[in-house]
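Worksheet: the structure to be examined is printed underneath.
Order as written gives the chain letters A, B, C, D, E and F; numbering starts at 1 within each chain.
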Amino acid sequence: MDAIIANFLSPIILSFFLGVAATVVRSDLRFPEPLYQGLAMYLLLAIGMKGGVSLVSYPVSELVWPLLGALLLSAAIPLWVYPFLQKAFKFSKADAAAMGAHYGSVSIVTFLAALSFLEMVGVEAEGYLPAVVAIMEVPGIIVALFLIKKSSARNNGELWSVFTRVLSSKSVFLLLGGILIGALSGPEGFAKVEGFFVDPFQGILCLFLLEMGMVASRRFGDIRRVGWALVAFGLLAPIVNAFWGILLGMLCGMSLGGATVLGVLASSASYIAAPATVRLALPEANPGYYLTASLAITFPFNLALGIPLYHMMASWFY
Amino acid sequence: MDAIIANFLSPIILSFFLGVAATVVRSDLRFPEPLYQGLAMYLLLAIGMKGGVSLVSYPVSELVWPLLGALLLSAAIPLWVYPFLQKAFKFSKADAAAMGAHYGSVSIVTFLAALSFLEMVGVEAEGYLPAVVAIMEVPGIIVALFLIKKSSARNNGELWSVFTRVLSSKSVFLLLGGILIGALSGPEGFAKVEGFFVDPFQGILCLFLLEMGMVASRRFGDIRRVGWALVAFGLLAPIVNAFWGILLGMLCGMSLGGATVLGVLASSASYIAAPATVRLALPEANPGYYLTASLAITFPFNLALGIPLYHMMASWFY
Amino acid sequence: MDAIIANFLSPIILSFFLGVAATVVRSDLRFPEPLYQGLAMYLLLAIGMKGGVSLVSYPVSELVWPLLGALLLSAAIPLWVYPFLQKAFKFSKADAAAMGAHYGSVSIVTFLAALSFLEMVGVEAEGYLPAVVAIMEVPGIIVALFLIKKSSARNNGELWSVFTRVLSSKSVFLLLGGILIGALSGPEGFAKVEGFFVDPFQGILCLFLLEMGMVASRRFGDIRRVGWALVAFGLLAPIVNAFWGILLGMLCGMSLGGATVLGVLASSASYIAAPATVRLALPEANPGYYLTASLAITFPFNLALGIPLYHMMASWFY
Amino acid sequence: MTSSRTVKLKRVTVVAEAVVEEKLLKELLVAGASGYTVTKTEGRGSRGVRASDWEGRNVKVETIVRPEVAEKILALLADKYFKHFAVIAYVDEVEVVRGEKYS
Amino acid sequence: MTSSRTVKLKRVTVVAEAVVEEKLLKELLVAGASGYTVTKTEGRGSRGVRASDWEGRNVKVETIVRPEVAEKILALLADKYFKHFAVIAYVDEVEVVRGEKYS
Amino acid sequence: MTSSRTVKLKRVTVVAEAVVEEKLLKELLVAGASGYTVTKTEGRGSRGVRASDWEGRNVKVETIVRPEVAEKILALLADKYFKHFAVIAYVDEVEVVRGEKYS
């Protein structure tokens, strides 16, 4: 309970709610798009570099299982989401696959909020986690598209082109690129740029969450329209996925912090890489469903309540 | 005298003059608009947060008088500006009310320059001053519009909608939002984001003043057109208002630094919140008057000479 | 050899190659233009201020020769480039003059990369070097335009207007303005803004080089089209010019680091001030030549190999 | 000349100082427009007064409407905008695909 | 009214959600356009669905083409874009200088 | 079709590489334009040469003028811009409110 309140009162969560408030009071506050894109580029590169520097300090043997586990985890999520939404909630194939792609992929901002939370409660997490994020961005999207392909006229070439497209998409590219730069330039090289990529990081994350609050809350109105089924899914699926993530983290030998983060990643839904890909690859899927679920339901829930909750769940195991 | 020269040679004032020089030598230097907006958002949030953290450390009893005094002060300014400009200078009602709104509100950059100046000369100022700024942004505008409403066909509903609009306008919203975040997250929370919201602050202020120099100097050409009356008003009104501000600061029990800043705030004229509001609420008022006066006359005067002068005035009282 | 590898693995060079990679894998990564312009403004102001603070600490006697030498050096480069390209490679007069203007001027990013390199290998360089950069930006452009004017119908008035235009162009203006601010506000004044203009500098340079990598690599395709002659020139001219720069640095009494940097400056070709000026003043010159040579050939060569090479050359002299 | 699937409609273009954007867009919908496209622009005209750079430069608003609605919009502009704000407006005709979207 | 140096051509304007930009531009060239001009815009219409703000707001694409190419482009839009994406399109006629550039 | 308050004028649209913006705008006023609206754009054409990204991408300049002025502007473009710069230009007709503003 204390952890939840402390989480609520951290500058980054407060910034998110300030963004929500801006929409509620109809402020004329707007984020210029280039600023938003610049902040996103910064966060991706920065988290990548830091992860890359740390990654090379681990023996390969310690990395194999967590990375492999993360890969399988994100690939597995659409395998239950896709049939479940069709059967239980009568979603169309396209809508179900789109949801699978979003919940199979991850939300980087949720990841960063989890790291902040762990720091606040004094729990360490593995330094290689940004590499885990990078690995979990893509597979869920591909698997979801593969599932629907089986049951429709789409061909393999298209799937391959989606694969290369999402691998080179800016969010994946910058995260991987940052990891590479960090790994190659090492601690001394990275020390030279810490004044930019480390010191102002939390503050820039605040600014980004301010914008996220505005973006998410602009979709709150859609919640009523999409129906209780989607709301229930957007609140329960994260908890289910977090459970599997935590369990897997433990099995892969990760620390309490690491397993918590793996749970958070599993629970989170993408609203950057997945929407752009799904919009083009599955245009018949309704963004009113998948964007509202991932952005206006799951994201705020995880940010405010999910992260402390998953940490508590993980503590039961450890 | 030394203080004036030292003020002139500080990086932020020099940046302002560099912006002026860019216009004078017809440089093709332009600030991309998203950059300008990003810098403004940063300054407002940063100053708000810092103020919010400090605010909660004061007992309410110490805050009541300064905040109330500031409220009355900014509401009072239009009460003399409005009739004065009509009688002495034959301004139209709309133009006089517009001027009242601008001089009743405040300039945040002038405020920041005053804080920098006080730091340079080694004088402390109350940490809650950003809350004073927030309180002084709106009342003058509302009072000025109320004055003209009495004498024209405008209705109360319109005045109320102006009030909510200016309260939720981005500059007021971000300042208040920053204060709230600072107050709620407290010193430890704020410590995490100081690498962004404190360390680079003065440098970012330089960049902003560079742009302000360009914006202000683009209006210098209008000074000739508006006539000597407006110029005289733009130079003398600030001194008069500063006097009342300093006096009030003393009466409210503020320190030398605090009273100086209250004087600076009273003397300063808004060029962000007020123009946007007045342009819509009083479209018949000529922006050529109120923008030129606040931006091209009062602002540079205060920046270069006014601030040291008001500090000297305040020193006589203390 | 070690220095070359260490150079390759520094974050700024890796960022450049990441930008190249973005083009190669056809990532949808794009730099919003306002961000790019904001970064460029930052780098120019920051490097200027730092240089200005340092400049005033030198006795004039120590400055005269390096500054004068730099002026002559950049003026001299078009004197061999212009006839050489016409005779040896059958370039048109306009194309040859355009190339002279570009190689006579300098690349600020190459300069910054050289400073980073020297810091990495532990060699000191004179603090006034930003002033040297400012002095070397313009003369080569003017001399090149003067050379072609002699042989065509252009008049003196036009040349003068080009001169004032390039002097007030944003890159020259911000660099000179930064130097002035630094010189006037001095070490204490500058100390207040170091949190913005110094601490994040290397990291921001990374971001800028990421964009430079994307810009340069978008021109790689043109290399095939322009022919081997231009490629050879783009690789050999820098070495020749670096040689003269180093020699002159030694004669002017500069340190090993200073002479290396003067060599780097001489070798580098402008892709900011020169293209904008030349495009308007010599519209008949083909940007396909001068932009490809300076941006896609000489710039990457200098960044990756040239700088360590010139440092080695300079070490022979010292 | 283009095929029969297209419908002739009016395109009303308004260039205005940024401060009026929100108000103007609301009133366009009230006047009967089914949508609009807004572009940030800069410009120069006879007046050159703008409220504040913080509010942004100019906006160009284009809306595809039926002729009656175009008339209404022009009347609206004449009534509330032309006198005090920096605003220009003009109309031309375009052939629109899926004309049913615009009413 | 303008001099004989000009040629009458079609201007096709497409306003679309940003996510389709790359694909659309490629297909315009395939359909026979010799070039295009792209502007970032924001807007409001019947649909209002857009993939993500990270992909940017709307784009307005204008391309000057011969009438046959305009037809082809409209067919392309009807075929692949109108159903699922937020897209509007319209055509008008412009008098172009140096008409030979556009074929 | 629109009411009698409107006047038929020419709209000249010029899309050009950003480097010429300042010079072009000055010369438009000299040629008799009473104003202009400038939009930042990106584009692709036959040439694709632009001086530098630091100077910005393309600009689209629209100016509402009388037919004679339109002629003059086209002549100006042909004379000084078409040969060496990446520039396209076209003209169409618009019905302008408050036509007296444009002369």
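For this structure, a couple of remarks:
Rule of thumb we're sticking to: contacts are C-beta pairs under 8 Å (C-beta built on N, C-alpha and C of every residue); 3 or more make two chains touch, one makes a residue touch a chain.
All figures in this text were calculated on a predicted structure; none of them were measured in a lab.
When the partners of chain A are compared with those of chain E, no chain appears in both lists.
Looking at chain A and chain F, the chains in contact with each of them are C, E.
Set side by side, C-F and A-C show the greater C-beta contact count at A-C. The chain with its C-alpha centre at the largest distance from the centre of chain A is F. Residue numbering shows that chain A and chain B use the same positions for less than half of their mutual interface.
Between the two copies, chain D and chain E, the Cα superposition rotates by 120°, quoted to the nearest 5. Each chain gets a centre from the mean of its Cα atoms; the one farthest from the centre of chain E is B.
One inter-chain figure worth recording: chain D and chain F are separated by 20 Å, centre to centre, where each centre is the mean of the chain's CA atoms.
Distance between chain centres (mean CA atoms), chain B to chain D: 35 Å.
Separating the centre of chain B from that of chain C, both taken as means of CA atoms, is a distance of 41 Å. For chain D, residues that reach two or more other chains under the stated contact definition are 39-40, 92-93. Looking at chain A, residues 28, 32-35, 37, 199-200 sit in touch with two or more other chains. If you draw each protein chain as a dot and join the dots that touch, the picture is not a line, a loop, a star, or fully joined; it has some other shape.
Chain pairs that touch, as defined above: A-B, A-C, A-E, B-C, B-D, C-F, D-E, D-F, E-F.
Residues of chain C touching chain A in their complex: 9-11, 14-15, 18, 21-22, 25-30, 32-35, 116, 198-204, 206-207, 210.
Residues of chain E touching chain A in their complex: 17, 19-20, 23, 40, 49-57, 83-85.
Per the touch definition, chain D reaches chain E in the complex via residues 1-3, 5-6, 9, 11, 25, 34-39, 64, 92-98, 101. Chain D contributes residues 10, 13, 15, 39-46, 58, 60, 67, 70-71, 74, 77-78, 82, 88-93 to its touches with chain F in the complex.
Within the complex, the chain C residues that touch chain F are 33, 36-37, 40, 171, 215, 271-272, 275-276, 278-280, 283-284, 286-288, 291.
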